[in-house]
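In the two complexes that follow, subunit A is the common piece, with subunit B as its partner first and subunit C second.
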Partner chain A sequence: MLTLFKGCTSTLGRRRRGSVVLLSWSAAILSTALLMLTGATSPLYAQAGFAPSVTSGTSAAAATTTMTLWTDPRTGQVFTRPGRGRVPMSFAIVNPAAQRVLQQQLEDQKAETARLARQLNEQRTQTTAVAKQVNDITPAWQNYVGNLKNKVSVGTLVWFDYGLFTHTGWGPQWLTQFNAPGPGNNMYNSFYLNRAYINFLFSPTEDWTIRVTPNIYTMTGPTTNQLVGRNSAYSNSLIGNLGYRLKYAYLQYNTPFKALDIRSMAKDTIQIGEIPQPETAWEEDLYGFRYVNLTTWNWAESSTFPGIAIQGPITFGPEDLQYIDYNIGVFNNGGFHALELTNTTQFQGRVSIYPFGAKWRFDGLGLTSYYTYGWNNATPDTANLPAALKGSSAVQERVAEIVAYTAETWGLAFEYDWGRNAWSVGNEFSSSGPPAAFGLTPNLNAALTLDQQAYANLAGALLGNGRAYQQGFNFFGHYHIPGTRLTVFGWLKQWNPNTQVATNPFDFQYFVVGVSYQWNEYLRFALDTQNTLFYHDQYNFPVSYAKTFGFTAPTGFKSATIPDVVTRDTHAVMLNAEFAF
Partner chain B sequence: MGHSKSSAEAKLAIGCALAIAGCVGIVSIAAASSVPKVEDCGIVTISTPNKYICDGKVYTAYELQHLREKSEQTQKMDPRMPSNDSQSRQTSGSKNR
Partner chain C sequence: MRSSRFNAVDVCQDVSKRRSASAVRIIAALALAAGISACHVIEPWPFDSSSPVPGSESPIPARQWIGKYLSDVTAKLGPPTSVQPMLQTAGQMIVYSRPGAHYIFETAPNGKIVSAVQTD
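On to the complex of A and B.
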């Protein structure tokens, strides 16, 4: 700069004296520029003098100062002082301190921006994580709903049949919800709906299953016409309606022994609630044609009781063959559709032995024993009354001994039954019976009415005196005809409801012969003949002998014998259908 | 000579293919006939679901239905295969099951 200054002055020095003023102003401009570059904040010269003016602004713009120069618009020259024709021009000069403040503010802004950017990134990361969690939750829900199908089962069991009774008579039911009128109604025929289970099973885990099964029942009862107001009535009759009642409702613990690591009993279960008793359901599956006829003890005993039971196979050996299958429990004395009246409970147990080992439930030779011990369903104050004959308050026992051989396509079984106070008038006439046995008056002349009353009283004495012993024999079996959908089956039964009676008019035989057609995995049909035979020859029962069993003659009955005590046989042809899903 | 050699090779290849196809057919026939049929099975339990024993194995009714329908489907696709149904003359009945 000094060299330039000297150069400028030496050049201009050779000019004339009037030009020295111009040289001085050039130097002044140059000096001012130099000072601007060095960032001097104080005015260089007074404004009124011959130098550019520099002023400080307001506090808001205290970081800036203003420098004023003058310019000649005609020539474009810039001067450091005002003059004629010259216009001022001002420049804002940022002073260093302000510049530093501004710089700091800028840095602070940058930092804040960076912080906000980081915060935004963090939020984005969190949002991504939350979205991932939500996405993870949704499949788990879908997975639960999808797996629900493996936890819930809904099924049905429907039995429907048509019966043509070529010969009607009094006697026991062949199927539940099945009633046919007595003697004098030959060729009676009817469609029947015997069963309509809806099975609900829920297994929230492998350890627990809940079952609820409603089933139909036939409503029978007196007409219950209703008087309405003073002079109106509504008719009402329950009889014949099919209602729904609860058949099964229980909780099943599937793995009590698995938890104990007892491998032989890993499949055993514990049931509590309204549960199948140990024998009937098992024998129904053994027979395979329950949709055609009841099994023996089910004629007299309910298949279901409130109670608790433990059951299952016991297996041994490397092939896990079943050698024992058992079911034992404690139950109410009243069945599932009766009020419990006793202050006791009954024991029931079944044990099936497979001496050669069974690959599946009934495989091969099986030896089964069934035993129950309980009481007839009566209140204690009734049961404890002193009486020579306990009648309906007596202790009750049942035994069944079954030898069976079962293969995949055929089966044969023999059953011996014994009972003690296990058969009643109601069982003997569960399909239909003489009105007098039900406390009703028949539509007969007086003499016949009296005879029927005597007959009913005889039934009560022989069958329900509290000292009656039952005995029965069964053969049953089936055979699948190879290459066809047909299976022939049969059931033959001999039943003595009280072996204490020398010639018991209520003894009977019952047999079924039929053929079944398997339509598909769920549906099958059977055509069969069913027959109840009161096989003793007709005779008159001595009143004196009847009295040894507690017989009481009805009022006005004077005869020494009760006439025609062997009732008529019942014969029918049935067409049965089963839909099981 | 090359022509006759390639011709022989072709014949050999065709023969092997036919043999293999025949073997496949035999295997397929065997597979079809091994499908268990409910009418040939014993009852294990009538419940929800029904269970049957067939050739030493326990099946549910659903499983037997599925196997049957699969077998019927296979037969529809290849009519040359023998029917698995012992009453194949009553095809209308089987379809309507």
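On to the complex of A and C.
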């Protein structure tokens, strides 16, 4: 702006117009306006040369000075001095102090603008970061499902088979949920669904696991039709149904010894609830073909009991080789599908020793001992009744001694069993038996009915008199045929339900031989033959000898012997399938 | 042991004999099924002794499998020689027994491998 005025002065001088400065109105006003709007950065020293009339404001306008010029309205000329025909024309000029104030304000404004710009940039940066965070946030349900996936396991195990019984007879079950009619029903055949586990396991932390496993069972309960009200009835439709019941339900503490920093027992666990007893599940895993047949003691005792147990391997050395595997616990006397009636608790324990160290669960030579001590499941007031023979309320013991060798593709085991009051009439005829043994009347003529009642009473006397001792011998094993999907397997068993009887008609042998076919990692099949052989020659059992075991003759039975006490053999061809996932 | 003590049973047995013709047919059907199965058996196992496991010329150290899943194992080693559900744990025992792959795995119920041993 100063340059502008200087320029005007120079122009006027060249035109020799004295102090007259000619500026257009528009230029003057524009200059003033620009001066006011932008704020002069330097004082207007050129004003002195024009000697205009300058006055300072006093109030709000103290920051400004008024400069007066004169103009001739007729010509539009502007003069620095008054004169004829001239009228004053005033301009407000900012004084240096005010300029400094304005300058400061400008600087402040610039600084504020810069600050706001920085703030805006920071805000933008933050917004971008927040947007990224929002984008990166995992939805809660995804997080929940992700965690759940690692903590929850749901699986299934299904066993299904077809059995063709070329010869039928009374005898024990080969599999659970498996019944076949007795003598006179040759070529009976059936499909069976033996197992349908739903394995549900939840491990909220490394330390704890909860397992719940329902399983099917065949309903063969009371068949009595039900009276409803005074004049209605429901027919019974339970028999033959496959219902679901709880097989396992327990809480497992996974790290009791890890927490104690005992490395050799770091994998040992404590289970409480409805849990596997120490021997059966272990032996089933050793055998590997439970989907084909039961293991020995499982013919007589449940595989699952309510109770508490501690179990696991004990390892030593730098390779953590397993030298001991154990399972010890206390349980109800009744199994998982029986009401507990006793005021006692049974002990069960298994210890497996691997003298050369096992790299995996059954590796190499293993020596196993299993022992149980308990009582038959009877209420105390019944058990305490004075009786010569305690029968169904007697002490119960079981022993198994197993020598096994297991390699990568084969395994062989020998098992010796000993029991005390551990085999009942119900066990002997768990597949099917004479109706009289179950308190029913057979559909036979009177003489045969009486004979059968005597036979049933003999079974009760020899097998359930409270001083019966059992003995068993077993060989079992398998061999995988190299380069194929086939594994040959077998089980041979001799069972003496009461060794106190000189020739026990209920002694039997059982064998299974078959071949298994691994279809894929989830499915395998087996084709096999299973057989129960009551191996004694047929004979008549002397009543006098039977009475030494507590035999009571049925009313009307006058014979000195019980005729034909060795029952028929059972033979079957079976096709078994297993699906596990 | 055959017994003659229940005559009514023997009557039933006669009825059964009349059904023996159909039984023979069933046995024949089973035999046929067994034959078909045997033919299937002849089909070479994916990695038999003449075909080493692809990519497994030098066996993978067993410990490297721990924490992986059965699907990882089968993807690398092919179908296992045998698989057995473990009734104690609800896991599985998996055996590989062929040239280049001799392992025994044990899985947790969720299929994750918790034990791996090289057996050759």
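The working rule: the second predicted complex is superposed on the first by the 427 of 581 C-alpha atoms of A that agree within 3 Å, B and C clash if a C-alpha of one lies under 4 Å from a C-alpha of the other, contacts with A are read in each partner's own complex, and residues count from 1 in each chain.
Operating definition for what follows: a residue touches a chain if its C-beta (ideal position, glycine included) is under 8 Å from a C-beta of that chain, and two chains touch if they have at least 3 such contacts.
A quick note: this is a predicted structure, and the numbers were derived from the prediction, not measured.
K.L.:
With the two complexes overlaid on their shared chain, look at subunit A and say whether subunit B and subunit C clash or fit.
P.N.:
In the superposition, subunit B runs into subunit C.
K.L.:
Answer with first, second, both or neither: which of subunit B and subunit C does A:H480 touch in the superposed model?
P.N.:
both
K.L.:
Per the overlay, which chain contacts more subunit A residues, subunit B or subunit C?
P.N.:
C
K.L.:
If we overlay the two complexes on their shared chain A, which of subunit B and subunit C does A:Q271 touch? Say first, second, both or neither.
P.N.:
neither
K.L.:
For A:N520, decide between first (touching subunit B), second (touching subunit C), both and neither.
P.N.:
It touches subunit B and subunit C both.
K.L.:
Thinking of the overlay built on chain A, is A:S153 touched by subunit B (first), by subunit C (second), by both, or by neither?
P.N.:
After superposing on A, A:S153 lies in contact with both subunit B and subunit C.
K.L.:
Mind working out whether A:L448 is in touch with subunit B, subunit C, both or neither, as first, second, both or neither?
P.N.:
In the superposed model, A:L448 contacts subunit C only, not subunit B.
K.L.:
When the two structures are overlaid on chain A, which partner does A:T295 contact: first (subunit B), second (subunit C), both, or neither?
P.N.:
Neither partner.
K.L.:
After lining up the shared chain so the two structures overlap, which partner does A:Q346 touch, if you call subunit B first and subunit C second: first, second, both or neither?
P.N.:
neither
K.L.:
Does subunit B (first) or subunit C (second) touch A:Q538, or do both, or does neither?
P.N.:
second
K.L.:
With subunit B in view, single out which of the stretches 8-16, 26-34 or 98-106 of subunit C clashes with it after superposition.
P.N.:
Clashing stretch: 98-106.
K.L.:
So which bits of subunit A does subunit B touch that subunit C touches too?
P.N.:
Looking at subunit A, the two contact sets intersect at 153, 155, 157, 199, 201, 284-285, 288, 290, 359-361, 363, 408-409, 480, 483-485, 487, 518, 520-522, 578, 580.
K.L.:
Along subunit A, where are the residues that touch subunit B in the complex?
P.N.:
For subunit A paired with subunit B, touching residues are 153-157, 199, 201, 284-285, 288, 290, 359-363, 406-409, 411, 480, 483-485, 487, 518-522, 578, 580-581.
K.L.:
Could you pull out which subunit A residues touch subunit C in their complex?
P.N.:
Contacts found on subunit A: 150, 152-153, 155, 157, 164, 166, 183-187, 189, 199, 201, 211, 213, 276, 281-282, 284-285, 288, 290, 359-361, 363, 408-409, 443-445, 448, 451-452, 480, 482-487, 517-518, 520-522, 524-525, 527, 533-538, 563-564, 566-569, 573, 575, 578, 580.
K.L.:
Tell me, which parts of subunit B touch subunit A in their complex?
P.N.:
Its residues touching subunit A are 38-50, 52-56, 58, 61-62, 64-65, 68, 86-87, 97.
K.L.:
Show which residues of subunit C lie in contact with subunit A when the two form their complex.
P.N.:
For subunit C paired with subunit A, touching residues are 1-13, 16-17, 19-20, 22-23, 26-27, 30, 33-34, 37, 40-41, 44-45, 48-49, 70, 74, 79-88, 90, 92-95, 97-98, 102, 104, 106, 108-111, 115, 117, 119.
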